[in-house]
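Sharing a structure here in structure tokens format.
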Amino acid sequence: MVWTRPIGRIGRIFSLSYLSMTPLLILSPLILLAALGAVWKARPVHAALLLALSLALIAVLYLTIGADFIGLVQFMVYVGAVAVLIVFSLLITRPGDEAEELARRPRSVVTGLVCTLPVLWVLVHVVSRLGNLPAGAVENPVFSVAHVGQVLFTRYAPAVLVVGVLLTAVMIGAALFAREPGKKPQCPSDS
Amino acid sequence: MTPLTILLTLSTFLFTLGLLAVLTRRNAILILVGIELMLNAANVNFIAFWRYGPPDPDLTGPLFVLFSIAIAAAEAAVGLALILMVFRHTRSTDLNRLDSLHG
Amino acid sequence: MSLLDRLQQAAPALWSPEWLPRLPQRLVEILLQYFGAPGWLVTLAGFLVAAATVVAVFLSGFALLSLVERKTLARIQNRIGPNRAGWFGILQPVADGIKMLTKEDIVPAKAEWFLHLAAPILIVVPSILALGVIPYGREWVPVPLELGLLFFFAAGTLTELSVFMAGWASGSKFPMLGAMRAISQMVSYELPLMISALGVIMVTGSLSLPAIVAKQAGFHLGFIPAWNLFTPWGLSAGLIFYVASIAEANRCPFDLPEGESEIVAGHMTEYSGFKYALFFMGEYLGLFAISGLGITLFLGGWQAPLPGLGCVPSWLWFFAKMVVVIMSYLWIRGTFPRVRIDQLMRFAWLCLIPMALLTLPAAAIWHYVGGGLLGWLTTVPLLLIPWVILTVLYNRRMAPATRTYTFAES
Amino acid sequence: MAEALHPYLPCLLWWVPFLPLLAGGIIAFLPNRHGRLASKVAIGALLVSCLIAMAALACALKPVAEGEPYRLATSLTWFSYGDVALKVGLVLDPLSAAMAAMVTFVALWIFIYSVGYMETEARFGRFFGFLSLFCGAMLLVVLSNSLLLLFMAWELVGLASYMLIGFYFEKPTAAAAAQKAFITTRVGDLAFFLGLIWLYRQSGTLLFYDHGHGLLESEVLHSLAGAATLGGLAVSSATALLLLVGAMGKSGQVPLHTWLPDAMEGPTPVSALIHAATMVAAGVFLVARTYPIFGIGGLESVPLTAAAWVGGITALYAALVALAQTDIKRILAYSTVSQLGFMMVALGAGGVAPAMFHLIAHAFFKALLFLSAGSVIHGCHGEQDIRRMGGLRAAMPKTFITYAVGMMALAGFPLVFSGFWSKEAILHGAMNWPGGYGPFLLAVSAALLTAFYMTRQVLLVFFGSPRQPGVHHPHESPPVMLIPLYVLATGAVLLSIVGTPIWPWFEEWIHGGSATYHAGALMHSEALRLIGLSLVIVTLGVGASWAVYRRGSTDSRAPDPLAGPLGGLWKFLEQAMGFDSLYDKAVIGPLAFVAGAVDALERQVLVPLMAAGESCIKGFGRWTGASDEQGLNEGFNSLCAGLQNSADSASLSQTGRPQGYLRAIGLGVSVLLIVYFWLIA
């Protein structure tokens, strides 16, 4: 009984060589555009959705590069959970006053830019000097989920435990915050 | 223009956009959007260096990204819970109005 | 080499019933290779055709299912169901399709037109993505991925975002509320779904669905198939998966979002015409996908139930099981009353998730104990006692007060 | 049966002392209303330990080898500190077997007797608790193989006697008597403890028999004898003297005897058990047990001569005082003191065998006498003054018979009674004691006086006409009290069998020899002389007493016939030669004076001194407070005010808007990095 050899990497579906830069060149501007929209868009929900789009595109970027486990996890966690969470809270708080947002826009943007541009300059400066990194890129990077699992639970086992505890604490904390103060969460069926 | 530099420029701009969002946005939730962008910029860097940098057998890059995704999710959850609590109290998520904590 | 030699060279297996579903894809690939197309084009075309076959199969299934569903529901409620369109209502799906197409597609003034349009598309896309990963037959896996299961769940999470978009884009309050309820339901039921699947992953040791099915080959004691369902942890994980899948697909006991009687059609109220049909197609395809996954994980995918049935093509078993599972969904839809939102949430968080978390250690013990009698002895009590306690505790809260029927004196 | 039991003996032996202690413990937890149950527990426990003791006696009967008495010594480490291990254990040899058997047997019948005697007593259970505690402790003293364990049991026995004497604690005299008993024995115990420590330091071990390196074994004895102390006295004799002082305290020898007569405040079974049979014998037993140490320098070594003389003096003194006593129990108390003196003489002059034989015989008939006296008191509803009794022979015939047997055994009536043979053995030993005839003469006169006062007591109590018609119709005691009397009486008689020169079984058994029956022993000249002497003593004593008290006045208030001729001497004897007043003046007086002086010193001198110190400290405190207030605080406040203003101005920058802060941070970081790059570029 033989099952067809798994293609394995999603990227390989289009049998693109991993080294080619075409997917990078296509995806990066899209990501930046979506991110810009997320930052700039006046309407909060649109900003959130654009954030979801940019995160999804980053996930696709990971897939094309070859880190498909990370890409899928990114997709699940960010697009599936965080974006929904942000959108959900927007739904609840329903910030409506875009007009006032637009009115005060120029002043806040100027102050924002004044602080961000030096940071940008520094980063560009650093990146441009990187130049001489050894090109260790390899055609088909070794990235199997079993290997991830094995490394995760041997070298990074304490980190996994800490993150596990952290996530539980966060869940309990968030549930406590969300509770109406004082009142036990009443459900109609109990009355 | 090696793939590495493309990814680095991408992460730089992503980071700056995130910072810009954090500094200019007035709605607390959208600041979280900015923070998510900054975190993702860092992740892109990790994956870029893992993929195109020196060969790394025990996957420190991707694993770090894995942990940072988990932490980001946790942070988003707590952040939003806090914002909602503040919203329930002050009926507004406008950051400038929440400035009672000062000298 | 001429086309004919190429066909012979493609080996006799191609024409066996086992390869039937893959036939169009292979033919196109051979043709393109014959005509000297570049490598990536050949694979691209091959995948497109494979996708086409999958979509074709499941769209016809969708049409058939909408008819079968209304027929079975009718029979459960002791009525005949649609039999006007065509002989015994066969053409009813065609009639619905035409109705949907001809209906006017109204877009509310306050709606965000782009999101309003994007929402139904984004509902259907993940289901189809998910369908692409499931291994239907020994030879027929549309996209054999190493991280198949993870891809399935990643695609599954997209539906929440699209439900939100549908709800929010329609502008009015009812879709918004419906979307919120739908999202909260799907989020809280995604957890047990994934955790129960985790059990299977732990035992098989790989995320790729064909590997999971391969692991479930062989028979115990001659006639019991080695499916995961027939192991203690498999049974409990399967049950949780089954219930969670009903909730994921927004099917009957949990069909709160578009509960007709309560909140009109939930996030779909502002849609009409073909967009509305897309929503239903998305739902049904989601149903196919989630039940397909259920079958691959617990019912041994295309594995034959009894030894010695080698001649029957493997994908036939898969679709037979699919029919059985779908009929069970319909049966449940016909008999169970709708569940209230708080009961639904409590059931997920207090009953399903703890039990799902409990099946993990059980699976681990089963794996390390080697799965024989000792495996049964250790895992069965570990799972049975909490099941009994939880169900007893839960029933006491959920059980509605006993109704007293008053009959009119004749 | 002995062989069967032999292997289990070591651990079985532990049960003998442990059972009564356990019973004492259980009774302590029983509420008072379960008195009956308490008595059953106490008697049951004692019965079992008595059976074991009898079995142990059976085992110990046949000697291991010729001249080598049976000995089974067990020892276990109580606790070890560093490399030194303190060992305790039990030993079973003829000496301890006989004593254990006697103690358990006598105690058992006294328990049964006290069930009847203490019936009306409210704190019935508590009484039995103390009794079983006492028996347990006494058995531990008897069986112990280590001087330390013996000392601990010795203290426990002292405690038990304190509690039992002070049983009627509501009576002030009983409380005072208990305290007096406890303190005087404590004086003796102090000497005993010093001896113990000295022995331990000298020999490094406290076990009597420890496979060769025990205290009483030759190797250690030689080392003790060898070492000399300051006065040229061998260490062994010095420690022996200290042990002797301890024994004198406990057995009520002359200087430390005052507590014994007062101890009669306790209920009669207590007097019978403790102040007749067992506890007082503990002192004698101690000397008997450590006899090898005493006897290192031969028969006339210093400690033995001291023992003999002390015993003799006590015997004579107590006998004289007993003449003038009017309380039935005080007479018997003084007679016990004199008999103990006899035992000390036996130890000093005759060695262990006669002393132990007299001790055991004395235990039987003195317990018998006390119990009969108790039954007399019980019959006369608590009346103890013999001047008010009289003619009880008719009212209480059974008690009279047992009392008579006891009296005859004590006085030493010939041939049939054990008292005669034990006293004969002592006199025999005293006579050919190389150290001179002193103790012999004292012993003979004491024996004479014993016969005299015992007959006096019998005549005054049982014969003549009832002097106190008011002693409202005395009645015979119930059978539960009489049966023990019969048993003890038969015991007093039967014991004589083992002690006669014809078949000196007891003496041989103690020394490990095999008793041979030689009929002609009595015919030896020396033995005949002694028997004749004893006969003379007894007849003289009884006749004189009979002559004086035959008529017996009918008036209870009439002075004693002897009071007239003796006059002042009689009064002197009645106050027990004034020892009590002597002690009051000699010991308690100076102590009180010293206490008063110290109190005065403290009150006049120390308190004012403290007051002065306190006042000057307060002054100093006030001064520093003032300076701190003015100088330090003002300066500091002004400094803070300055800081406060600068802080206020600085806080303006805190607008509370997080984004403002973030911008500041962003600017700061970038400026820093730019400067950094500008510097290195």
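Note that the chains are named A, B, C and D in the order they appear, and that numbering of residues resets to 1 at the start of each chain.
By definition in this document, contacts are C-beta pairs under 8 Å (C-beta built on N, C-alpha and C of every residue); 3 or more make two chains touch, one makes a residue touch a chain.
Keep in mind that what you see is a predicted model, and the values were worked out from it rather than measured.
Participant: Removing chain D only, and moving nothing else, give me the connected sets of chains.
Facilitator: one piece
Participant: In terms of C-beta pairs in contact, which of A-D and A-B ranks higher?
Facilitator: Most C-beta pairs in contact, of the two: A-B.
Participant: Quick one: chain B and chain D, Cα centre-to-centre, how many Å?
Facilitator: 91
Participant: So what's the Cα centroid distance for chain C and chain D, whole Å?
Facilitator: Distance between chain centres: 96 Å.
Participant: Centroid from C-alpha atoms only, then distance chain A to chain B, rounded to Å. What do you get?
Facilitator: About 8 Å, centre to centre.
Participant: At which residue positions does chain D touch at least two other chains?
Facilitator: If we look for residues of chain D contacting two or more partner chains, we find 662-663, 666.
Participant: At least two partner chains per residue is the criterion; list those residues in chain B.
Facilitator: Chain B, residues with two or more chain partners: 19, 23-24.
Participant: Can you list every residue of chain A that touches 2 or more other chains, as numbers and ranges?
Facilitator: 69, 73, 81, 88, 111-112, 115-116, 119
Participant: Which of the chains touch, listed as pairs?
Facilitator: In this structure, the chains touch in these pairs: A-B, A-C, A-D, B-D.
Participant: So in the complex, which bits of chain B are touching chain D?
Facilitator: Within the complex, chain B contacts chain D at residues 19, 22-24, 31, 95-96, 98-103.
Participant: In their complex, what parts of chain D are in touch with chain B?
Facilitator: 648, 651-652, 654-659, 662-663, 666
Participant: Which residues of chain C touch chain A once you look at their complex with the stated criterion?
Facilitator: The touching residues are 39-40, 43-44, 47, 115, 135, 138-139, 141, 143-147, 150-151, 153-154, 156-158, 160-161, 164-165, 168, 176, 179-180, 183, 187, 205-208, 210, 213-214, 217, 340, 342-343, 346, 397.
Participant: Across the complex, what residues on chain A touch chain B?
Facilitator: 19, 21, 24-25, 28, 31-32, 35-36, 38-39, 44, 47-48, 51, 54-55, 58, 61-62, 65-67, 69-70, 73-74, 77-78, 81-82, 85-86, 88-90, 92-93, 95, 101, 104, 108-109, 111-113, 115-116, 119-120, 123-124, 127, 130, 133-138, 141-143, 147-148, 151-152, 155-156, 159, 163, 166-167, 170-171, 173-174, 177-178
Participant: Can you tell me which positions in chain B touch chain A when the two form their complex?
Facilitator: The contact residues of chain B facing chain A are 1-10, 12-21, 23-27, 29-30, 32-34, 36-37, 40, 43-44, 47, 50-55, 57-59, 62-63, 65-67, 69-74, 76-78, 80-85, 87, 93-94.
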